[in-house]
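Structure, as structure tokens:
Going in written order, the chains are labelled A, B, C, D, E and F, and every chain counts its residues from 1.
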């Protein structure tokens, strides 16, 4: 139990997927202009990422095995892309409201490095099924956490007298840098 | 045409900052008393660097220089950075840290009032990550080391890195009480034995506990003068006390007692001078309590389990990230609105 | 004793009330000329009902209310209307507004006055009378008082506002000291009109003489009114806050006091109601404080329309005076010029100098010290409102309850960065209002445009149908003719050809007709008209050609319709 | 319903088509590069070993001469590792052992070392660590030569109390401000040597079947 | 392809629509492996290779793919290409392969690859698509190189360290000690340095663009610019 | 190699079927985005964006065919709103699409010949009058699109900027000197 908790804490804070592992940055930068959208994006990513880590574990464990390791990337990404596409279609049909909010961002999840990165890291770290799921969940929660915090700061920054050349993405980058500096404070918490 | 009101109360930004600076004096005095005058050199260096960077950035940004230099906020940042790094540090250490703090953490965001992160703590974090070796060699209190450096010796070391013949830096410096505790615990020494080490005094580190007390004194002045809100220090120190108390009760061999936590490291200066930076802390009463609790929790976690001996700086900037959300989610009820009613 | 309640925040600026309470109210002499704006109240401006050159009597109606929220304007004295034109008024915009210029004849001759017995009048009749008499709130907002008496719900408490919380202003104080009896009578009239049982008169504790006088008058009148001393705390005179202090009831945000069963009137309004009902006098004068950088600060009873310069001259402004403020230093407006006229809402004019009101230091950025939030009586977060207003983030500002701000200025008063916070709020508010209007206009335009599209579509369809019918008839006729003539040419080819020709012709005709189509508001065109329009069309085509030659950038918009 | 079925089938066929082509290309590449990759990986490992043992000092195929070492507390390992044995003329020259120092400043430090039959160290290298950059990372050969101080040391020459940093009275240098890291490394090496002493003989017996499949 | 087309595509990829600076796509590798110049350029070139090939493949294939499996198919194509590149690197540039680590397979999800496939290659013929892919890749590589160089100089005081991973042992001599006796500013090499460095580069691009715009507009001198209020 | 093929085929077939099924089963029509965009546009219907009216422009944006900085009547504010709605960066106006001050059309009633051409041009029916009669513009409904100006054969329509009055006066943004006086 504590182990699982540590995995969760470790992936959310200590080895935060965005700030420390540097994965999933494009949506992190792209969808964090507004708090609401970043929350929704976080939720969608959490859903997809958890499913992706679970199903890719199954694919890897039961379909591929050690001999076909060279198919890992290929099969994972196809599974992920299909999951995302399917989710998108279902959401679009069943909940137009949710689709309104997430519509533009759902396809983006496919190209979120984190979504492929976490299953690959799972394989590398030889996680079992539960661990894989937790690792995916934790990674996604960490992603959501930093994105929401970042969105909050970016919203506030809109009003700041930022020098012209830094306005927009440049200052966002610097902010992300200082955030990752802050996240270094967690280093060593979970060894 | 000017809008109403036409009268104002004459308490200005520079006076607020100045009072904060005054409030630092007791702590600084005790610092000099226990550790020698090297810290004054650090302060002078950091302050010069702060003012120079501030002026340069204002010029670059095409903003008036004079009024912003005269608001003392850069000066305060400089002093706080100097107080958080080892006094006997090479001259470029406070300079690099302060310049980074003012240029990147403050002016890239638009200068005074716009920075989301506490500049001084960003400066400190950058230094401890980039130069961990230089940042962990603290002066032993006067009379603790085998030899005492004269004022001139300290100056010479700071600028040229040369110590008087026959002296070794090792003999003059030590790791901080928190650091030592961490190392010794790591090596398996029980708490009680650790506390018997010569560097510890009654509450915490010899000398440094008194400096912390000095900062607490200044902090109480700030509280009384209503310069800082009470929620922040109370929530922070309270959380730190409660957590360390509980852990200390459960396992006294591995966890330091609450007062040790209070009087070592940056707890006191953090509670009264750093977390309270108005610009980077929440503006609502509830938000401040949440902020203080969060910072206390993180400080304790990092001290007890993390990779850094002290956690105040990282806890501060980690909580700084949360400020916009804390503010947004703790908006007070306004006149004529029901609690919890949709805004 | 009524148990007092309190509200969050508030400030204690120096009151400076002593100066102008040393001497009694005196009547200001008739000025040489009175300028009476037609918009002296909240709502729509009154409509002039007198002609230039007309002689009017004191109290004669010269402006008639227009619409629901509006009020009457009366001649302040007898004399001749010499002009009805745009003139500068006391408004921060310094923009002119419609005013009547009245040159007094010195007789101060009253027109018809009709005293009434309020006890015999219904609330409705009283309201009509007050509207006729141009009674508006004299506490600052100048909201038509008759409106405030009509209420759909039961109002059980009448709060009388004698707080006068702003520094410098003493007109209500002096009025209460000297005319308490009239005020109490006025209160009774308002109470009667509202039908409340309980009346609370709130007066700040820095006006002991006024409190005593009011208490005496209440005792004398034997009405069960309660004179309540409230602590001096700015802005304790704000209606919602006074109500909170006196009754403990918080008027919900966005609601009116009547929604919680309370109504609030200023003491001077009550006095004006008394004059209007029991003496039949419309509101033509008011008590105004002249203070600040003057030799003789005091209160005057002055006619509406008196130029402020006259009043200031009476009190003798000191030489270093360089601007004038109408109202108090916390909420007043700087006068665009000192000769603008006194209006119903003008309770005070302050002569200001740099020594008296030192210009604030240059604003610094907000340091989020929340001193403003600590004093905001509405418990807003002024620093957030400021942050959003200064970055034009109006949506967020509104989300943070910008419109609950009462513009009291307490926040700006304490701000260590000397930020003109209230101006930012006013800026944001007026931008938001303008945007709302724009949005509404856009919606309207969309509707109209869509309706037009729809109409054109329908017309086109109708025309096409009509055309098709005609075509069919013509084709039949032609077919009949064709069989008679019986040409040797290939019938199919011919049919195609003629068909094509006919379609072209029809299209051309249709186009022509469409071009001359009967748009909205026009009857069917006569042949002459059509000819004329054709001529115009030709001219226009020529112009178009010229334009096209002149340069590509003058190209007409892609969808210019009608051809 | 039919339409749905047809669409599904069509889509599936389409995707399958691309999948087949993709897989074919991929498999081809895999089989073409497989041996090169295996060789490269081996080479890399050899290169590391050559830092510990001069290649001239042995003549066997060290990559094939393997002894599987069960997880052991003394080595700090928690799963089986492989020891490679260097021989010259059939005589064992050294064994290359993996060990882990569990108590580094920020977690485990993975080590690899060559031990001669007489218990003296051929050399030690850190293969993986998380120590603080700029402070504790001088144990990495890429940053500093400190790790070379182990060369040639043995427990026969130096007693237990010498296996400490100078500050604790031992023989090893350290960098001021970072003593946790060297302490951890020294302790781990010392213990690995003790393990070697205890298991010297069995370590030099190669596995009967140095099967390729056994590699991770 | 006409000359202007070529110019346009190149200008877009290298500057105007630069993936790293403007579109903010492909950030993960950009930030994660730009700690030295050699790493940065190597991954950049690998990405460029993949992008060129994938765009060239997607362009002709596009019309045969139904919409609902568009993304899976594109991704599949990319994944195949990436894995091929991965194995080639593994076989022939092993040291580099280890250093770049997980970021080689992650070229698959490098946003810019799919973005170009979607937005350019799926609407254009083969040649322009391939060229666009290449230019975008080179644009990314250029940013990677600048960022990598910057971080390496500030962080370590050297340039081209790790070059031996590409060219073997003898290349060690090529490492340039830019600042001799440098203390090392670790921050630059760590993740925060990556973010801040990229922020600075973006700001520098903004500055150049702004200056260029000013130069252009300073001739007609329009009066319409609204007065900047409180600075 | 063969196993690899089979596995990928199975995987692809399965996923392909699912997606193909889903694409029919969950088909959605219409484009709600265009409507949202249209709601942001000022509805001046002037065509300055290069599209025949606001709705077509909205549709073009929704399809990704048009930039967001083409509507001068919407002002910078409008671009900001569009940028926010679409989650893209703000983009300033181009050279040839600068907004003008707000104005309404004014018909010189002396010159007007009552030809009704302007009536046909006005997209919001803001002109009243009949043929051969003097026309007037209902100022409250005029959006200032200027479409009625070119058709007028006698050039009697001019655009009059809306003046500031007490009723439409707005508080100004506080301006004070933070910049150096030099």
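Some observations on this one:
Just so we're on the same page, contacts are C-beta pairs under 8 Å (C-beta built on N, C-alpha and C of every residue); 3 or more make two chains touch, one makes a residue touch a chain.
This is a predicted model, so every value here is computed, not measured.
Distance from subunit E peaks, on a Cα-centroid basis, for C. Chain pairs A-B and B-D differ in how many C-beta pairs are in contact, and the one with more is A-B. One finds 66 Å separating the Cα centroids of subunit D and subunit F.
Distance from the subunit B centre to the subunit F centre is 53 Å, each centre being the mean of its Cα atoms. Inter-chain centre distance (subunit A to subunit D, centres taken as mean C-alpha positions): 32 Å. With each centre defined as the average position of its C-alpha atoms, the distance from subunit C to subunit D rounds to 83 Å. Across the assembly, subunit D contributes residues 10-11, 14-15, 18-19, 22-23, 26-27, 30, 105-106, 133-134 that each touch 2 or more other chains. Residue positions of subunit B touching 2 or more other chains, listed in rising order: 3, 62-63, 104, 110-111, 114, 126, 129-131, 307. Taken residue by residue, subunit C touches two or more other chains at 92, 362-363, 365, 390, 420, 423, 426, whereas all remaining positions touch fewer. Subunit C makes touch with subunit F in their complex at residues 39, 91-93, 95-97, 362-363, 420, 423-424, 426-427, 429-431, 434-435, 438, 441-446, 448-449, 451-452, 517, 519-523, 525, 529, 532-533, 536, 539-540, 543-544, 547, 553, 556-562. Partner subunit E is touched in their complex by these residues of subunit B: 62-63, 96, 104, 126, 129-131.
The touching residues of subunit A, when paired with subunit F in their complex, are 30-31, 33-34, 37, 59, 63-64, 67-68, 70-71, 74-75, 78-79, 82, 85-86, 89-90, 92-94, 96, 100, 103-104, 168-169. Taken in their complex, subunit D has these residues touching subunit B: 103, 105-106, 132-135, 175-180, 183.
Of all residues in subunit B, those touching subunit D in their complex are 130-133, 136-137, 169-170, 173, 175, 183, 186-187, 307.
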